[in-house]
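Listed next: structures, encoded as structure tokens.
First subunit A sits with subunit B, and in the next complex the same chain sits with subunit C.
Showing the complex of A and B:
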């Protein structure tokens, strides 16, 4: 008899364990999925346009799935053949790698001095660098170009890379980070016999790993997609970056069809996508950190 | 093993003098403890020795060689910081072997030396851990190990135990004494804990206001302090000080009156003529173990008092009393318990009194 009374409530409590998601959770999931769809759809659209049967205008007959892989690869091959895209890949990748390496090296070395040592005029110098953060690109573009031109660096890799190496933002971020390294840690290093460079190399640099990764990611994003500076400084095919090659496709008098333009864009999107897939964890950490560190 | 001389060393930040005319002679293999209240310049002096701070004036010699301008990295001095200052990105073994790696020592030599230091400090099982995975005491050991591995000329310690709990502190203290016996390296140790100083030091240096107050064996400082600061700083509970005035002087004695006290008690001290002048103000210092609570008047000096409170620790009893003039005195009883009521006399013999002049200098009989 007691069983008969107890069982319905036991059932009820059992059912509660399966945990019906609250309205809030459902809404959160809906929001997250919507954002994901919005973010992924263009990529998918691009993909299906590239791998669509050639000659069937997408605008007339839109499809949401790839219809011909052979035609897609043919288009990719066409783009590679006709535009020096491989060369542009090489230029863009070198441009990005060299810029990242240079920005990390220069920012961290400068930040090491600014954050951990005193020297005359330190605050004034730092203020000047920070002020430069407020100067818009439009103001510096022409003087920088003239300087690079004077150096004879137009249409060279160094012309592309060097002006971007002194990153005020990088210095600011690394300085903020290195200020949190206790002075005593460096003093201990010094007593252990480390010279100035060894303090930087063996102590400050490894301790700033997270900040360096963040800065590398931010620099990647900025450099890979950079358009204006390459446009100004590299005017020959030899030093075109990916974004410039794409720009050629967009020119109003080009006779290529939409799906070929889309192929060029698709190829340009692949490296950043790979980058994000591989470095996802650090990117999230990095964005969180740069967010909280200002 | 190295000796160290400091001659007239001065340190100033801008126009603020933090250390004045420091003179110190440290012999090879000595365990020297610098003590003093917070802000007296202990760390500054230690950092000057290490080379992390430069010397504003005066000279410093290690093994007879002038080191004023020798860089910290080249002095052959190891320092253990209060915060340990371990390298957080390196394992214990890497921390300890860092200096050897910088010196381009061979891998096998580094491993061997690290292993030996780890053995001395019982760190063998922790060698692969990162500092964040260690307890405070273990970090402390690693910091010491990092210093040992280098076989430095001089070891410096800046309050190395102050972040540890009381029990561990006592344990580490014993280990440090053991370590010093084993290595026989010159060690300079900073603390503001005078018990730590008394137990560790071969030679104790009391610093105050950027000046060396007295240097000597711990018991010398306890038995024969040369000024009021040292007398008050060394020994717990603190020495009692009572203000008094010289009222009479003869060839062999001086008479002091405790004017503000009830009945203005007087005491006649053996004192060479000319050391004290009639009318001069002095302070009389009496250690708690020489000041006794007595229900009745007795001894050379008896000051009427009220008992303020009593701390009974079993083997020891501290009786805190207030004189009629309001001075709080502490007295210590070795035997028995306190069961003598709430008023009586604080009594002491002249043999256990220290006399200090108005400037705090000791006046010896």
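Showing the complex of A and C:
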């Protein structure tokens, strides 16, 4: 940097040749790496606690790196076998899969109509759904619980899943996307004799693949991580989700050890991490897409 | 233009699943919640009409006052801090190119993937006195163990740290998309005018990404005002006792849940939801007005 200022005529081409990085670059790298450590260390620590030799005090082994994989797998086995976690894992997976399937189907069906057709009442209906995006969750939580209780759906899978299926955000996102489907494609399909439902299933849906994947991922993150709805609506071991079991472990009188809590957390982190590894591009684009609507 | 029912029917059939669920599980609860908010009801016996008593009881209660004070302090710190951090991270990631930019972006985004319940319980043990990793670090520097989650001076800050840890990457990615859309020639023009790095950010970057920042701020306020998972788990709350030591981490949604499922006052809890909604909508409307002013 100082060199460049000393000989301003040298300009950029000369700076390329200088191997010594500028102070700015060094600081930038230090900052970037420090932030990465802060972002990742807690998860690394969680991993190291799970795969640490059981019973060794923190003063001897502060769990900065994994020390025993056999003990780690033993802890995972123990958590699955002795705490009902396996059942909760199954419930969480079903809750997530059913919610994703339902949200994708229901919102894409409605979005197909809003994006590509005209019919009486269209604008009014769409406006109501858009207004609902402004309504905070806090206001519907208690009365939705009361309704679910009246239906006799407390502690059932449908009680967990069904109230979350009409996703206004999903409808909005799919409508935005489907508007880019050229109407001529549908016209061509119709000329070949496809009926309305076939146009949706065989033409519109395949063309919306990217939007469907994005919506699926956003729904996955919301559902797998949902804490407050399972907290109020599933109160028995049969329908505990992963978040509920961890809430039990977390309660003041549970006497659960840090090893068990971290093992449960580690197992809960696996699906999101796998999703991130395989779908990173869609996830980041999905988040950016939800941001650009502002 | 008249179209027969036959040609219109398929449209409504396709809309039916969404709107049936929307009416039953969204519109109806809003209406029934408003109705219940004027009743005293434990969800077992018959409801009794009490007029606006639920609303006046809530607003006159110590817990409401505590919850509102806490949420205002919390929001005033966490939203500006979180977005500043996210903005700096976005600028930092943007200053790298190609491979390393992607590596750091991914690294900073990983915590966003973690469910809030996981972040909260993980950090509860990081903060644990004596053997938590944070106190272990502090011990190496000769600092006595601090009980972060039971000390009224540190509780809120400890919670905000968790908050920023999980959400910074989310906002960063959105801001990053905004940064990519700033035309390069504006920076070149600023540099020709003799602007330094900070002036570039102040006079080029921030005005150009104002719409994105506005979204992040609005979204940040709406979700922060409804904060629940993290304080609930950090303070090991239960329906009948929540908010931690001296109710330092007592927030409105926690109080609403407690009044419903702990005290079995569902009418009061429903009323609480409406009070909260009015507060949230007022904040949102104010933000929109400010935005329009600036424009």
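Following the convention adopted for this analysis, the second predicted complex is superposed on the first by the 238 of 294 C-alpha atoms of A that agree within 3 Å, B and C clash if a C-alpha of one lies under 4 Å from a C-alpha of the other, contacts with A are read in each partner's own complex, and residues count from 1 in each chain.
By our rule, a contact is a pair of C-beta atoms (placed from the backbone, for glycine too) under 8 Å apart; a residue touches a chain by one contact, two chains touch by 3 or more.
Note that the structure is predicted; figures quoted are calculated from it, not measured.
**Student:** Looking at the superposed three-chain arrangement on subunit A, would you call subunit B and subunit C a clash or a fit?
**Tutor:** In the arrangement built by aligning on subunit A, the partners subunit C and subunit B fit side by side.
**Student:** Touch check for A:113: first (subunit B), second (subunit C), both, or neither?
**Tutor:** A:113 contacts subunit C only, not subunit B.
**Student:** Touching A:206, do we find subunit B (first), subunit C (second), both, or neither?
**Tutor:** first
**Student:** After lining up the shared chain so the two structures overlap, which partner does A:182 touch, if you call subunit B first and subunit C second: first, second, both or neither?
**Tutor:** A:182 contacts subunit B only, not subunit C.
**Student:** In the superposed arrangement, does subunit B or subunit C reach more residues of subunit A?
**Tutor:** The larger set of subunit A residues in touch belongs to C.
**Student:** What is the contact status of A:143 with respect to subunit B (first) and subunit C (second): first, second, both, or neither?
**Tutor:** After superposing on A, A:143 lies in contact with subunit C but is clear of subunit B.
**Student:** Under the stated touch criterion, which partner chain does A:47 make contact with: subunit B (first), subunit C (second), both, or neither?
**Tutor:** In the superposed model, A:47 contacts neither subunit B nor subunit C.
**Student:** Could you say whether A:126 touches subunit B, subunit C, both of them, or neither, answering first, second, both or neither?
**Tutor:** neither
**Student:** Quick one: smallest Cα-Cα gap between subunit B and subunit C in the superposed arrangement, Å?
**Tutor:** Here the least C-alpha separation of subunit B and subunit C stands at 6 Å.
**Student:** Indicate the residue numbers of subunit A shared between its subunit B interface and its subunit C interface, in ascending order.
**Tutor:** 195
**Student:** If you look only at subunit A, which of its residues touch subunit B in the complex?
**Tutor:** 182, 184-185, 187-195, 198, 202-203, 206-207, 209
**Student:** If you look only at subunit B, which of its residues touch subunit A in the complex?
**Tutor:** Residue positions touching the partner: 50-52, 72-74, 77-79, 81, 83, 85-89, 98-99, 102-103, 146, 150.
**Student:** Spell out the residues on subunit A that touch subunit C in their complex, using ranges where they run on.
**Tutor:** 28, 31-32, 35-36, 38-40, 42-43, 45-46, 49, 57-58, 62-63, 105-107, 109-110, 112-113, 117, 119-120, 125, 129, 132, 134-147, 149, 162-163, 165-166, 168, 171, 195-197, 200, 221, 224-225, 227-228, 231-232, 243, 246-247, 249-252, 258, 261-262, 265, 268-269, 272-273, 275-276, 280, 283-284, 287-288, 290-294
**Student:** What residues on subunit C touch subunit A, complex-wise?
**Tutor:** Touching subunit A from subunit C are residues 8, 10-12, 14-15, 17-19, 21-22, 24-26, 28-30, 32-33, 36, 43, 89, 92-93, 95-96, 100, 104-118, 121-126, 128, 130-131, 133, 136, 165, 169-170, 173-174, 176-178, 211-212, 214-216, 218-219, 222, 225-226, 228-229, 232-233, 236, 238, 252-253, 256-257, 260-261, 266, 269-270, 272-274, 276-277, 280-281, 284.
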